[in-house]
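One chain, subunit A, appears in both complexes that follow, with subunit B as partner in the first and subunit C in the second.
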Partner chain A sequence: MSRKRGLAAYCSALYAFLYVPLAVMTVFSFNDARRNVVWRGFTFKWYALLAKDAELIGATTTSLELAAAAAAISALLGVLAAYAMVRHKPFRGREAYGALLDAPLMIPEVALGVGLLSFLVRAGFELDFGALACAHALICLPYTVGAVRARLKSSAGERLEEAAMDLGASEWLAFVKITLPLLMPAIVSGCLLAFTVSFEDFVTSFFLAGIGLVTLPIKIYSMMKFGVTPEINALSTVLLTATFLLLGLNAWLAARSDARART
Partner chain B sequence: MKALERALSWLLSGRRQTASHALLAPAVLWLLIFLVTPALGLVALSLARNGAYGDVVWSLGLRNYRRAFAPQFAPVLLRTVGFASATTALCLLLGYPLAYFLSFRAGRWRGALIIALMVPFWTSSLVAFYSWMIILGKEGLINAALMRFGFLSSPMGMLYTPFSVLLGLVYFYLPFTVLPLYGSLEKIPRQYVEAAYDLGAPRWAAFREVTLPLSLPGVIAGALLTFIPCLGDFLTAELLGGPRYYLLGNLISNQFLMAQDWPFGAALTSLLLAGMIAGLWLYRRWEPDA
Partner chain C sequence: MSQNLLELGPLSKSFGTAAILREVSLTVRRGEFMTLLGPSGCGKTTTLRIIAGFESPDSGRVRLDGVDVTDLPPYERDVHTVFQHYALFPHLDVAGNIAFGMRMDKVPEGEIARRVPQALAMVKLSGFEKRRVSSLSGGQMQRVALARAIAGRPALLLLDEPLGALDLKLRKEMQLELKRLQKKLGIAFVYVTHDQEEAMTMSDRIAVFNAGRIEQLGTPGEIYETPRTSFVADFIGGANIYSAEVLPAAAGRARLLIEGEHEIDVPLDEHESLPAPGGRVKIAIRPERVKVFYKDELPAGALRFKAVLLDSVFLGDACQIYLDFLKKSPDKPLTALAGGDRYSAHDDLGVPVIAAVQPEDVYILESDGR
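Now for the complex of A and B:
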């Protein structure tokens, strides 16, 4: 019995190791002291300061637009690719395509960042919003492909699609009327994951954001260069909360679509 | 309209291989333009020479690779491999009991605990490392607490040391180790372990003779999936390493953003990519499912 307790206690300690830093940051974002980790009372003033910071609001807007663009592009590319990978009968090069689609997960972000930087600059492209959106779509692609591929493999859509075609529908009609609605939860989930990945991305953006393009993580980083301040605590807490909300929304949608599939 | 519908139906049906290739073409083109071309471009760039004003001179040679292994930079490569190895070893040691617990003991909490484990992966690592700066810094939480209770008279330097870099790496990569370990422990038929007990094996012997050997594919997969991304880590040392304890990723970044020696930076990146590909090849050979 004590051996079992010991293992459980050890695992709790490991989870504490993962979560305590995040909790500490959140708690001190409400601390009424400028340069101190001693508790001096509860305040919202650091959040109020954030809300007044025009640069910060600009960076947030940029990050939101970027994440939306990256999610949209990667969803479109991902749905088409995943459909061919799962539904089509085996074709030449399928293995290679699969490895290529997963490659953005494996390549170190620094390598991707400097590779794209040198490629875009030498090819004469501007390092602007469009370039960064394309790069973000690339790092998001494995997430949308993965979500849609998993759903295509598990859903009963294939039989329904065949039934529709037996009844005279074209492949296109069957896709639009049956497959796409069945895929919707996976597409939404893939978009949410892609949105999260893009919204939080620092390393790729760090190398590719030309002068004047500031995303939220880049803004946080440049603030961090001047040391630990309560404003960064508050800002990091906002980012953390956004992540939790996005992942929570994703989990809730997944649970709901599972429940629907069962009834 | 009818013609369009027929064309789209042909694409979706996949009766011809061309249709499959066409459906994959947008994603593959995207990957070729924004991933494969830049990577090949880096390899080409690594053979060039840096001009006097940070421009690129196309006189091909291996000088950048020789320079990478010269006494000035070899320590960074060694340090990177050292930190990646230490991180992998620590993650395995710390993570194995957790993976064991998740697989054999967690019961109905398993799903929630696994999701909870992924949090460091999904939260911005910028935010996570920033929290560690609050905890470890000179005016940070640990120093403040130790001084308050009289254990320290002056703050202890924990941030910007090898310790803080290793801590950050273990913090971030622990899930990369635990999930493959969990995967292979989960596949062990429970009857095997029970059979060992029935034959009179004590707990520890059953673990050593049955569970541990059967989980070795997961150990190898977990080690590689930790070691490979560790080699290319950039942010951990950037934030927690200070100016002294930088790794390969930071050296690469410096060549591109500060020193303006792109060919040398490209050579370092090519070495990193070669290491990654070698690691993935090993992983493919050892993959539990293969």
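Now for the complex of A and C:
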């Protein structure tokens, strides 16, 4: 067998391993049977059932709101942190500070969950939406910082800020009129990533969700206790589609801003 | 109204242990084209950034129009800069870039709408208002940067090697255009460059920088005709520089022994000074003032040196000739510059010739280690 074919076979196997389970899930979400094992015919009824499930819709709404809040908070903090690290005069411990910002990527989420839970309880915070949004913002921060930091480093932003100040803009105006618009693509991309990370987060939410606060992943987990139903398949398919759309949007925005920067 | 628009001095600035500026003092008159000329790292750009307000001096003051602005931020100084890499705002169109400074100064929009096309017309880019910055060529970007800087009508314009990124032909065009524009607007320019020809072409006065100091300040003619130090002589136009011993001479004259071999007697200019006999000085001779003769047919009054033709390099419009005229130090050939047709023949190499220099073309330099 030629080397080329060997490579093709390897790649097919790899992609099959990655995507066949998702394909099976998608296919069985249209299966007209209570059990997942046999194909009984095509139906949309699981999707119809989803649309009527008030609890599920409630959990989805909670998760969307949570993701939006977490993305917003982490974007705000991320821009400030990245700006301080790239544009500020070097200060003591800048490298360590930068590494600490990336740390939530590496810290086991279980440890983070336990730590946050004991801290919030000890400090007397309610385990409500606000607390969970802040916790999610913490997990999302590395993504927004990363995106904005890369953009700040690569652009000629410092020169442009100088030019703006030379033309009479104060530091604040130079930031708002010049730096922020130029950072926008990176902020949007960071927000999309943060949104996805928060939306699909299970572990931290599971530790911190107080009574009455049910996010979508938690809801799915509790439904799973009664076995994998076609309804869950349908729900997962919806999530999968939404995620791919978001990723596509992100890639399109990145390509567009690249093309703009080049021409 | 004082005649001086800008007064600097004496500015000192260090980064860490490296002294970038050592007591630089400078005044720029109203409407003057002042060039800061020097090699990279000589402190000219730092001086410009101090005037703009991006750096603050360790000591010394900056006075603009009689007002001390040393401690004011860049946006409170009536000074605009044309940056080397243009620094145009990529998310704004050409008109947005030009209007930016006026918007910051709260100029009424009606007035801005009138002044943007004016500024564009001045840099010959009429009709470019709606163009995206990224669609412009390097030369056009440079013009937009210039239009942006002059649109707000600052008292003083700073230019940091603005033509550095352009190709030679465009650079020559822009030099003349800049000079014309500067005269028309009557704005004082402080222009930083390392290109001596550019400085010669455009400037009213040139400040030659070396190692954080101003070595010489004067009109292009003065700098060229009477260089004070070997650095200035060599950096501007190039020069043959030799060491000479001072011999006793009549008043107003200098008798010198060049490199221990050739004795000359030349007139002493008013700015030139000599150490006592026995001391040493440096002298400079411009290559284009050295004439090469095959026979003894010298112009009257010229100094004459016996020499051997070492090499000649064809430069297109001229020819550079290397002459060996020092028996003891053959590593210091005399360079002469002649019309391209005359000495390009390589057959003549090794032939004995006569090098002639008019006495007033020998410059006596100040000692370097001040």
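As a convention for this text, the second predicted complex is superposed on the first by the 261 of 263 C-alpha atoms of A that agree within 3 Å, B and C clash if a C-alpha of one lies under 4 Å from a C-alpha of the other, contacts with A are read in each partner's own complex, and residues count from 1 in each chain.
Criterion: a contact is a pair of C-beta atoms (placed from the backbone, for glycine too) under 8 Å apart; a residue touches a chain by one contact, two chains touch by 3 or more.
Just so you know, these numbers come straight off a predicted model, no measurement behind them.
Q: Tell me which touches more residues of subunit A here: subunit C or subunit B.
A: B
Q: Can A:L160 be said to touch subunit B (first), subunit C (second), both, or neither?
A: second
Q: Between subunit B (first) and subunit C (second), which, if any, makes contact with A:Y221: first, second, both or neither?
A: first
Q: Please work out whether A:L173 is in contact with subunit B alone, subunit C alone, both, or neither, and reply first, second, both or neither.
A: both
Q: Considering only touches as defined above, state whether A:M25 meets subunit B (first), subunit C (second), both or neither.
A: In the superposed model, A:M25 contacts subunit B only, not subunit C.
Q: Given the touch rule stated above, what does A:L182 touch, subunit B (first), subunit C (second), both, or neither?
A: The answer is second: A:L182 touches subunit C but not subunit B.
Q: Who does A:R122 touch here: subunit B (first), subunit C (second), both, or neither?
A: The first partner, subunit B, only.
Q: Taking the stated contact definition, name every residue in subunit A that is touched by subunit B in one complex and by subunit C in the other, in rising order.
A: Residues common to the subunit A contacts of subunit C and of subunit B are 170-171, 173, listed in rising order.
Q: Please name which positions on subunit B make contact with subunit A in the complex.
A: Subunit B reaches subunit A through residues 5-6, 8-10, 12-15, 17, 19-21, 23-24, 26-28, 30-31, 34-39, 41-42, 45, 56, 94, 97-98, 100-101, 105, 113, 115-117, 119-120, 122-128, 130-135, 137, 139-141, 144, 171, 174, 203, 228-229, 231-235, 239, 249, 252-253, 256-257, 262, 265-266, 269, 272-273, 276, 280.
Q: Note which residues of subunit C are touching subunit A in the complex, please.
A: Of all residues in subunit C, those touching subunit A are 52-54, 73-75, 79-81, 83, 85, 87-91, 100-101, 104-105, 134-135, 148-149, 152.
Q: What residues on subunit A touch subunit C, complex-wise?
A: By the definition above, subunit A touches subunit C via 156, 159-160, 162-171, 173, 177-178, 181-182, 260-263.
Q: Taking the complex as given, what residues does subunit A use to touch subunit B?
A: Residues in contact with subunit B: 3-4, 7-8, 10-11, 14-15, 17-22, 24-25, 28, 35-38, 73, 76-78, 80-81, 83-85, 87-89, 91-94, 97, 100-101, 103-104, 106-119, 122, 134-135, 137-138, 141, 145, 170-173, 175, 196, 200, 202-203, 207, 217, 220-221, 224, 228, 232-233, 236, 239-240, 243, 247, 251.
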